[in-house]
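Right, one structure below, let's go through it.
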Amino acid sequence: MRVPYFPGCSLKDFADNFEKSAFASASVLGVELVELPEWYCCGVVAPLEEDELIRKVAPARNFLRTKELGGNKLVTLCSMCYNTLKLTNLYMKKNPDKLERINSFMDEEENYDGTVEVIHFLELLRDIVGFEKMREKVKKPLKGLKVAPYYGCLLLRPKEVAIDSLEKPTVMEDLLKSLGAEIVNSPLKKTCCGSYQVINNKEVASKLVYKIITAVTKRGGEAVVTSCPLCHYNLDSLQKDLSDKYPGYKEVPVFYFTQLMALAFGLEEEVLGLEKHEVNPLNLLKSKGLI
Amino acid sequence: MRVGVFVCHCGRNIAGTLNIEKIKEEVAKHSGVVHVEDYIFMCSDPGQKLIRDRIKEKNLDAVVVSACSPSLHEKTFRNNAASVGLNPYKVEIANIREWASWPHEGKPEEATEKAIKIIKATVEKVKSNIPLEPLSVPVTRKVLVIGGGIAGIQASLDIANAGLEVYLVEKKPSIGGKMAQFSETFPTLDCPQCIETPKMTEVANHPNIHLYAYSEVVDVSGFVGNFKVKVKRKATYVDWNKCTGCSECAKVCPVKVSSEYDVGVSQRKAIYIMFPQAVPNKATIDPEHCLRLVYGKGCGLCAKTCPAGAINFEQKEKIEEIDVGAIIVATGFDVMDPSLLTEYGGGKYKDVISALQFERILAPSGPTGGKVVRPSDGKEPKTVVFVQCAGSRDPEHYMPYCSKVCCMYTAKQALLYKHAVPNGHAYVFYIDVRTDGKGYEEFYERVLREAEATYLRGKVAEIYKEDGKLKVLGVDTLTGKGVEINADLVVLATAAVPSEGIKELAKVLRIQTDEYGWLKEAHLKLRPLETATSGIFIAGAAQFIRDITDTVSHASGAAAKALSLLSRNRIEREPLVAEVNEEICSGCGNCVEACTYQAIKIDPETNIAKINTALCEGCGACQASCPSAAIQLTNSYKKQLFEMISILAKE
Amino acid sequence: MKGSLILKKVNSEFIRKIVEVSGVNVFACYQCGRCSASCPLVEEMDILPNQMVRLVQLGNEEVLNTATPWICATCFSCTARCPLGIDIAKLAEALRSISLRKNIDKVKINQISFGELMKLPQIALVSNFRKNTSVS
Amino acid sequence: MEGAFLESNPENKGNIKKIKESVNRFLQQLLEKKVVEWVLTPYINPENPLPERRIITKPEEAIKADPLTPVIPGFPMSTFVSEITREKPISKPLAVLLKPCEAASLVELVKFRQANLDNLLTIGVDCYGSYHVLDFKKMVEEGEKPFERMINALKNNKGDELFRTACKTCLKPVAENTDLNVGIIGVNNLFIQANTSKGTETLKKIGLKIVENKERDQKIKELIEERGEKRKGMFKEFLKELHGLHKLNKFFEDCINCHNCMEVCPICFCKECFFESELHPYVYEKYIKFTIEEGTIQELEGKLQFHLGRLIHMSTSCVSCGLCEQACPQEIKLFKLCGPVSENVQKSFNYRAGEKLEETPPITTFYEEDLGLTEKQAE
Amino acid sequence: MAEKSVEEGKEKFEPVIVGFFCRWCTSEAADLAGTIRLQYPPNIRPIRVMCSGFIDPIYVLKAFLEGADGVLIGGCHLGECHYINGNYKAQTRVKVIKEVMKSLGLEEERLRLEWISTSEGLKFAEVANEFTEQIRRMGPNPLKKLKRE
């Protein structure tokens, strides 16, 4: 199966381990993510103003490229790209007059007709591949690894774009269970990590990360799993300071779900890009006999 | 055809805008019109006399009164004409006030033009009207009351005391409804056992009331005054004629099931009496859990124990048919299942409960004997958080409406809790406190002083368990601060919702529900006790959530409506029904499909449509479905419509 | 914010502007405060999200000088939980936009140290600039 | 699909004479083996170039049956079936041979209780196309053989310019609702296709060997696809020709209000047509009156009322047989109107007339989803 | 007609609209509009019928053929029909007519179906205003021109 894929900025640099592990595990499942030949910034954190349509042009271009690839589904890995593209797409579908104006901004290109569907890689795995099929491909079950799924905001909110139940999501839990991991359910799995506020208000983000991580460790969690490069950055890198600030603070490694997939599928360690992590996951993985 | 047209001035209401002389002049030219006359108030005594005189003098055989809306005076003018021997259906109203003079005040000429067209079209209609006599049908002077809560009980007693027979059908094994589950009632703090139980007993002993407990209405046919009702009497597996209600059976029954009456706070047995004061006070076996009934053999301990030999595992359900003239629907309400409120941990945490469950915990006759303990570990909760509007006033996620009684019962519960746990503390999250009833505001004030509860103005965001406590995340909008409370027990004032199965029942009764399932009244303001189907009335919270005071008043109102309907032996119906031209009918059955009331059948002998005029409501859907003009509505014939259209459509 | 509101005339021009930019009908709000109860960053804000809505309802332009819209991380918790379906995240965006369109940037790239810049994921930088600067 | 080959002798492959003989032998067997008592079929009329409709009861009569004839002479077969079975089901088993459009209209008539299928064995006859009665007559008179012409066109798969417009755009070359089909499309030999258990039983009773035939399925599919393309283009053209009141008026310029189109229409089953009732101005006296009072205008209104009104009545059930066009003495191309309009109406209700017996016509059912409400409410 | 305002040398076109109003809701709404003196154009000529489900499509056709420039059908909101589902029937029938009109380029916008309940006097006036304006913009029923030719 070949599916058009939108990477977005971070997947090409900061989070290239996310992309690499996703590509590798996708190919185990017979899925080929075909990168758009030419792509534009998603417009990060959906442009919400009603009166500035120019910000929605880049997503429209991405959808045109998708159609040129001969697809009508566009897959993203990054939660923020997913959210932005999906929201903008829905906006264009709901407001044909606005879509017309957006189209008028792209004079040389063909008009976008609103027929592309944006899906997150998690949805593809759940709805098209199926977790049962994934279970068959597991070579190294993540036995005994207590992981806490962390959704953050943008996969679930607002409700128009939610890939799962808003209040009680299970997609990551089901995925990780199929890999053999043990699930730790934290009530803060939908709480914001501080997002881009990490730049202006590092303290704010830091406090949130403290809450999120301690809620996990309190419940016996050994690792956090996410699907967003920004969540990953906040949850991973801000922990260093927390150890200094709070005596007895227990650091936990943060993974992208695709890293755990690759691990369970028995792929080579180098696709995981574990060296990029601030909180070293090696000890944990070794202790569980996973590397 | 000799048509007389009478043009009313309605003071200046009509004459102030319309050119009466022009109207008279134009209308007089219309074919068939032999007399035109105007008067300042046609509906006044002299005005009516004028019409009567002209009918006689001019030998009129049809009359058009050009005046106000037919919904105001159609009856008046028809009766007036009838008094001098003109068939009332030969009188039609042309509405030139609401439809011409009033809405076009600034355009007198166009308005006059429009009025002339309306009058001419009405003249065309009345010319082809045929004289009709009202249909008179006998009535069965008995009433069916569906639902045995306080509404059904009150309505049944009112009707039975007036001397009419009542069939009271209740789906549970006992009557009493929600009220029997309450601890104490606001604002008087009476216990329902003291005020409802006597009424329940009265129902059981009343010679005019046939109580069908553990029964359901499965089919209703017929029409006002003549309903035929099929009632399913479910198998109780206990011969109620023998059962004495001694409860020995329940003592020996080995199966424990969550109690519906206690809303899961306690357990009952597979053979059970709903509660000690149940009426009828008879045992019922729950076939889904009884070992004998599930496996078809074994157990049978109850049968061995029963001193009266009342247990009968072979009992079958029965369908009984009853004839009634009116039906009162008093099916009440339910509360939203707390497990739907996932963000509040409903259904997930044992100590997040619904207010109805808390009623049972507070009730002196409840499973804990009135001792307030929490479900998870039986400990006394020291911090209780009440969350109001849980599922109410939330069009985005749940119910958009205000559930109306929660403010009051939450206040009551906070007070009763304080009485039971003097060193405990209650927090109440609210959006607005609504106390719209006699003595309610006073009661709320009493609670504020006496319960020492902390009222927080804000809606709770979410609840989760942290370190053994229930963490409630809320806000106090008055101080502008976020709020976190670590609670022992959370009580959700879950939204009131229509009772389960009401939509199916409404279908059986051919009455309407609104989008949530509340029964739809004929008119929200003026006919709140009636449904659009004549002869079927609503009592109590089935129409919309209401407190006990209002429910009882509403039920008495419904009873009065039913009594007034059945005060005579016959009732009259409008004779405007469909009729078939057998020569033309090809028996295609389109009309059968189009008829909502199953009033049309194809006669298998002749292959021609036949109408049961008793069932026909006169909507005319059949005539629109007929490709030839074989089925038509009396006095709305296609010919009439065609003539009217051709007048109105021309420039 | 102290002082009393002198409501001689509600600044409907300001409200109209907000509605135009956000597409949100702020009058629907009945001030239940659930947005504030749901907001993970509420501790850092000078006024609560529901108060932000309130000020807009009153047509009070002072809302532009509060920190709240700038602390908002667009996590949509408020939007998702609002019983009336009011998109409060959109409202915050509109408030930011109105300020930003006066060419006032809330962050400057040169305030971020080079080390940080190299470390931060691209997504953090771009999203921050999108929300906090007039360059888009 | 399954069914049986009638012609096992490979030497006779595609022999036109043999095809006719085989079908008739099949009908003969139906009667001989007492599968049915009667067979209602087109029949050679020695007096007239056009076939007639006849009920045959004796096996030997089957020799002159002409079920494959590429013409519908006058009324459709479904009207005959309606006449016979409307009042009560027939007493003895009867086989009826129907062209696909006739079979479809029969289904609609059953829905409107105008025909009864009890005791009926319905046999569809593949129809590659049929000729206008006048063309057919002329051909016969001039010594050309219309049946052979049609078969040759079928064999070469090139259609025939002379086919009726309804046939050129027909998407139902094979009947969908019959117990059996006499198959000539997609087969070299004659193939009797069984669609129902009753059909299969019949084949067994006659002693035919039942086989699968996928090749025919494929060929039929291809034919329908090819026709579908053509139909799309032609319908678009037709509607363009009729677009707007002026063009419509021009279209009906020659209409003489004879109502032959209604008379022959298989869907128009009313005992008295609403448009011929006293409410309508083309009743003789009224017609004169209007002519005197308002010039000839009423004529136009009367025509439009009749044709548009009829369209409103029957477009939900129209089976595109095109007989209205054939019946028009003024040669008004009525199929250009009812074909595409009915298709649009039926599409909007997601309904196809004559397709399924259990489907109710949209005009008698009031489903919310038909009206696109579910979508609206979801918003 | 009284006000013959002159527009570009032409008479202002005053459309004729035939209204079929359900007696349980839209007729009542029209009454209400009058009672509270809402002003709307006098172009709509009303017929009070039992139910929108009573309306035979042929009536609509008849109105157009008699020269009406527009037809407005008013019924109860879906789910609120006095006869339970008459308005669904109306909707189906209107859909057939509209589909026929649309296919033949007969300006199906000249036919409008609206749900107006008893209490919606304001909506009635708004619909009357808006529909009259719409028909005014569309111009006269082409049949009138055809008749004159």
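When the chains are written out, they are named A, B, C, D and E in that same order, and each has its own residue count from 1.
Note that a residue touches a chain if its C-beta (ideal position, glycine included) is under 8 Å from a C-beta of that chain, and two chains touch if they have at least 3 such contacts.
Since the model is a prediction, treat every value here as computed from it, not as a measurement.
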(message) Counting hops between chains that touch, how far apart are subunit A and subunit D?
(response) 2
(request) Please give the intersection of the contact partners of subunit A with those of subunit B. (result) C
(message) Centre to centre, using CA atoms, which chain is the farthest one from subunit A?
(response) D
(request) Provide the C-alpha centroid distance between subunit C and subunit D, rounded to the nearest whole angstrom. (result) 68
(message) Taking the mean of the CA coordinates per chain, how far is subunit D from subunit E in Å?
(response) 39
(request) With chain centres taken as the means of their Cα atoms, state the distance from subunit C to subunit E in Å. (result) 47
(request) Would you kindly tell me how far, in whole Å, the mean C-alpha position of subunit C lies from that of subunit B? (result) 46
(message) Quick check: what residues of subunit D touch more than one other chain, meaning two or more?
(response) 274, 363, 365
(request) At least two other chains touched by the same residue of subunit C: list those residues. (result) 43, 77
(message) Multi-chain contacts only, two chains or more: what residues does subunit B have there?
(response) 343, 462, 594, 625, 638, 642
(request) State which pairs of chains touch, listing all of them. (result) A-B, A-C, B-C, B-D, B-E, D-E
(message) Considering only the defined contacts, which subunit B positions touch subunit E in the complex?
(response) 69-71, 95, 97-111, 113-114, 117-118, 121, 510, 512, 514-515, 520, 523, 532, 576, 594, 596, 617-621, 623-625, 633, 636, 638, 641-642, 644-646, 648-651
(message) For a test of understanding, state which residues of subunit E touch subunit B in their complex under the given definition.
(response) 1-3, 14, 16, 18, 27-28, 30-35, 37-42, 45-51, 53-59, 62-64, 66-68, 79-80, 82-86, 89, 93, 118, 125, 144
(request) Would you mind writing out the residues of subunit B in touch with subunit C in their complex? (result) 343, 389, 393-398, 431-432, 457-462, 473-477, 480-483
(request) Within their complex, state which residues of subunit D touch subunit B. (result) 86-87, 112-114, 269-274, 277-279, 313, 360, 363-365
(message) For a test of understanding, state which residues of subunit E touch subunit D in their complex under the given definition.
(response) 57-58, 61-62, 65-66, 78, 85, 88-89, 91-93, 95-97, 99-100, 102-106, 142-143, 146-147
